[in-house]
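Have a look at the structure that comes next, please.
Naming follows writing order (A, B and C), and every chain is counted from residue 1.
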Amino acid sequence: MAVPRFWREIPNRYNLVGARCGNCNKVLFPPRYICPHCRRMGKLEPYRLKRRGKVLTYTVVHAAANGFEDQAPYVLAIVELEDGPRLTAQVTDCNTDEIKIGDEVEIVFRRMGEDGQDGVIYYGFKARRV
Amino acid sequence: MRDVAIIGVGLTKFGELWDVSFRQMMMEAGARAIEDAGIDGKQIDAMYVGNMSSGQFIRQEHISSIVADHAGLVPIPSTRVEGACASGGLALRQAVIAVASGIHDIIVAGGIEKMTDVLTGQATGALATAADQEWEVFVGATFPGLYALMARRHMYEFGTTEEQMAMVAVKNHHNACFNTCAQYKTEITVEDVLKSPPVTSPIKLLDCSPITDGAACVILAPAEKARKFTDTPIMVAGTGQASDTIALHGRSSLTSLRATIEAARTAYKIAGVKPDDIDLVEVHDCFTIAEIMAIEDLGFCKKGEGGKMTEQGETVIGGRIPVNTSGGLKGKGHPVGATGIAQAVEIVQQLRGEAGKRQSDGAEIGLTHNVGGSGGTAVVHVLRRGD
Amino acid sequence: MDVGVVGYGVYIPRYRIRVEEIAKVWGDDPESIKRGLLIEEKSVPAPDEDTATIAVEAARNALKQTGIDPHDIEAIYVGSESHPYAVKPTATIVAEAIEATPDLTAADYEFACKAGTVGIQTCMGAVEAGMIKYGMAIGADTAQSAPGDALEYTAAAGGCAFIVGKNGGNTLAAIDDTYSYTTDTPDFWRREMRSYPKHGGRFTGKPAYFKHVLAAANGLLRKLQLTSQDFAHVVFHQPNGKFPLLAAKELGFSKEQVALGLLTPKIGNTYSGSTMISLAAVLDQAKPDERILAVSYGSGAGSDAFSITVRDGIEGKRDAAPKVLDYVGQRVMIDYATYVKFRKLLVR
């Protein structure tokens, strides 16, 4: 991922900054620029989501995504955050036989990858069972 | 709006076609379709080509020009259509709309993907660009991984089993054995699937459609002129398309594709039919769970009963509603941009009664279901034998 | 001085490797290593952890104790000898991840294992001078060690963050004073472009660690006109389990005074994190009005000594985030092959 593309979303990736619509009060994450419910009537303001949620579904990835080979096998999940939105996240510090649907997780700050040995390091969010 | 008919179909062999180029594949499929339609190239007014990612697979964009050029059809309008793995279905729909509108008469709708000119890792990386790069792929999601997330939830909510998913693969491999164009003409067992290497639990290698080279074409004409070219025109009775969030996590349901439900609703309505009226279907079984979800979302059984319906043999050739008589994406192969067109080719051959050993007897109405990404796009067509 | 600790937080990765597991690979005798270094196991970072992620976890834990607005943190210093980048600060990553940006100053420090305590001193000065409201000093490392080197038994990962501010209602402990002792003593180094540090073997002991640690401790005691008897607890940098015990004895401290902060036997040497995590472990349990002596050591070489007095405010606040012993207790053992994979020692 190009540096500017990563950089402009650092608050979202580091701190789960999404948006809240002043019109319908819905919390949105990942970030959006128009409230999908209110559209032009929406009034989006930045909103930092709480770093807690639970696992809705998961998979143990054996055939890793490009750049994730060193971590295989790893756990990937869809997490429903306490604030409502769902996100896809790797479940870190998790043995592949530990995970189950309904597990409570916290969102933590981890290394996501790097642009080769010479490039920048990407940081962002992962889930960790609590 | 005019009624639209399919008057010709053509398909290349599907598989790892090491000695065949992108251009050659497209010409092969096109020439077969034109021959099948009994038209002359000069009669073609326009073409639409479905292709997901020639830029990533062969580092060539602007393929609409290449196809018109190599077909010797310049200067007719030629347009590439992209919607990930639904590109072919979308190309067909664009062609149908163009004929129905009266802008053009004879149109070629093609689909193509040349996937083996890159290494497997690059191919899976290219396919993953159909998912949300920022919020799925960046965090480690793979394309099979997204379907695995759906499969796990489907198992959790409805009790669907890995055996039931395996039965989809077994059936589709069996059907593919009777399709000369299919990539895999080998029978497999449920045990083979269950014991195949893990890809992303609960999805195993034999739950996945393969990486495939292939091209497909259909020729469309206004219904009122179709009989000039063929005794067995196949009518495009309904077309429907819908979108959904690109990211799986953005959807309220993880076990159903809303785009499929909405596209089918539109297509059924235009065709004036109900799920019960459909005799056979080609669904988008990129993974075995996708077929189970598709037969539910298309209305052939209640939500959550797709696994059971498969287990009870209702989807085999000769069953209540044969699913993927061609072998599907799983058995026939999945050259992503070609798939939507290839599905129509199969239904046309079935409705004409030309499907040989895999013929489903007495089929009058068939349906194609083509999905892009993890469900961000779906396109459904209802095809019917001309009276 | 009128400055104190407003909050502190630690983080230690959950993976551990035992001395036996490493010794098996190199044909060493585990018992003599465990006896000689007073070490049983060490922490290992997960493949997606580095000094920046460890620093962020520690910093977020420190903030949980305080309830202060992160924007009031006007300086962040991250001390480490394993910064993820050779050029590009770790401190900016931390600042962004705790939402302290953009109105603050930040920098990375490097002084072998004492870069974190140098950060505390910098914050003390800036707070005392009225330049900043709060300052955050972090010591964190994912320590490097060449495979087969004696360092491999101890080089561990962990980090600790301290938030420094003016003494007042929200301070957990007062920092009475600090004293440093510094000379040019090449006992341990890593050259540019090299993956692993080199060290002077036994030279790292008497002329290096002991000379500086003892001098800094004695200097501070002299300055404050205190003796070892005035302190309830003492903490030293812990390259192994043995050195801090010897230093304590030399200075007239009892084993009991050292006990709370002695962590290396269980987690290894967390380098820039070591002294600070040990101090945090003491603060986790110390009683109000108890005085603590903390002495760091950085090869190259220097020591920073601090006298800290626990205040009433610590009760209640220190329970807001995981404690050192929580992290020490949360452990998953790995074998050497997994260690090699996690430390990215395999070349693809």
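Rule of thumb we're sticking to: contacts are C-beta pairs under 8 Å (C-beta built on N, C-alpha and C of every residue); 3 or more make two chains touch, one makes a residue touch a chain.
The structure presented is a predicted model; accordingly, all values stated were derived computationally and were not measured.
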| item | value |
| --- | --- |
| Closest chain to the centre of mass proxy, which here is the mean CA position | A |
| Most distant chain from chain C, judged by the mean position of its C-alpha atoms | B |
| Centre distance in Å when chain B and chain C are each reduced to the mean of their C-alpha atoms | 59 |
| Separation of chain A from chain C, taking each centre as the mean of its C-alpha atoms, in whole Å | 30 |
| In chain B, residues with contacts to at least two other chains | none |
| Interface hub residues of chain A, defined as touching at least two other chains | 71, 90, 112, 126 |
| Where chain C touches two or more other chains at once, by residue number | none |
| Residues of chain A defined as touching chain B within the complex | 1, 9, 30, 56-66, 68, 71, 73-74, 76-78, 86-90, 101, 112-113, 122, 124-126 |
| Residues on chain C engaged by chain A in the complex (per definition of touch) | 14, 46-50, 52-53, 56-57, 60, 84-85, 93, 96-97, 99, 332, 341, 344, 348 |
| Touching residues (chain side chain A, partner chain C) in the complex | 10-11, 14-15, 48, 69-71, 90, 92-93, 95, 108-112, 121, 123, 126 |
| Sites on chain B touched by chain A in the complex | 121, 124-125, 128, 133-142, 144-145, 148-153, 156, 197-203, 247-250, 254 |
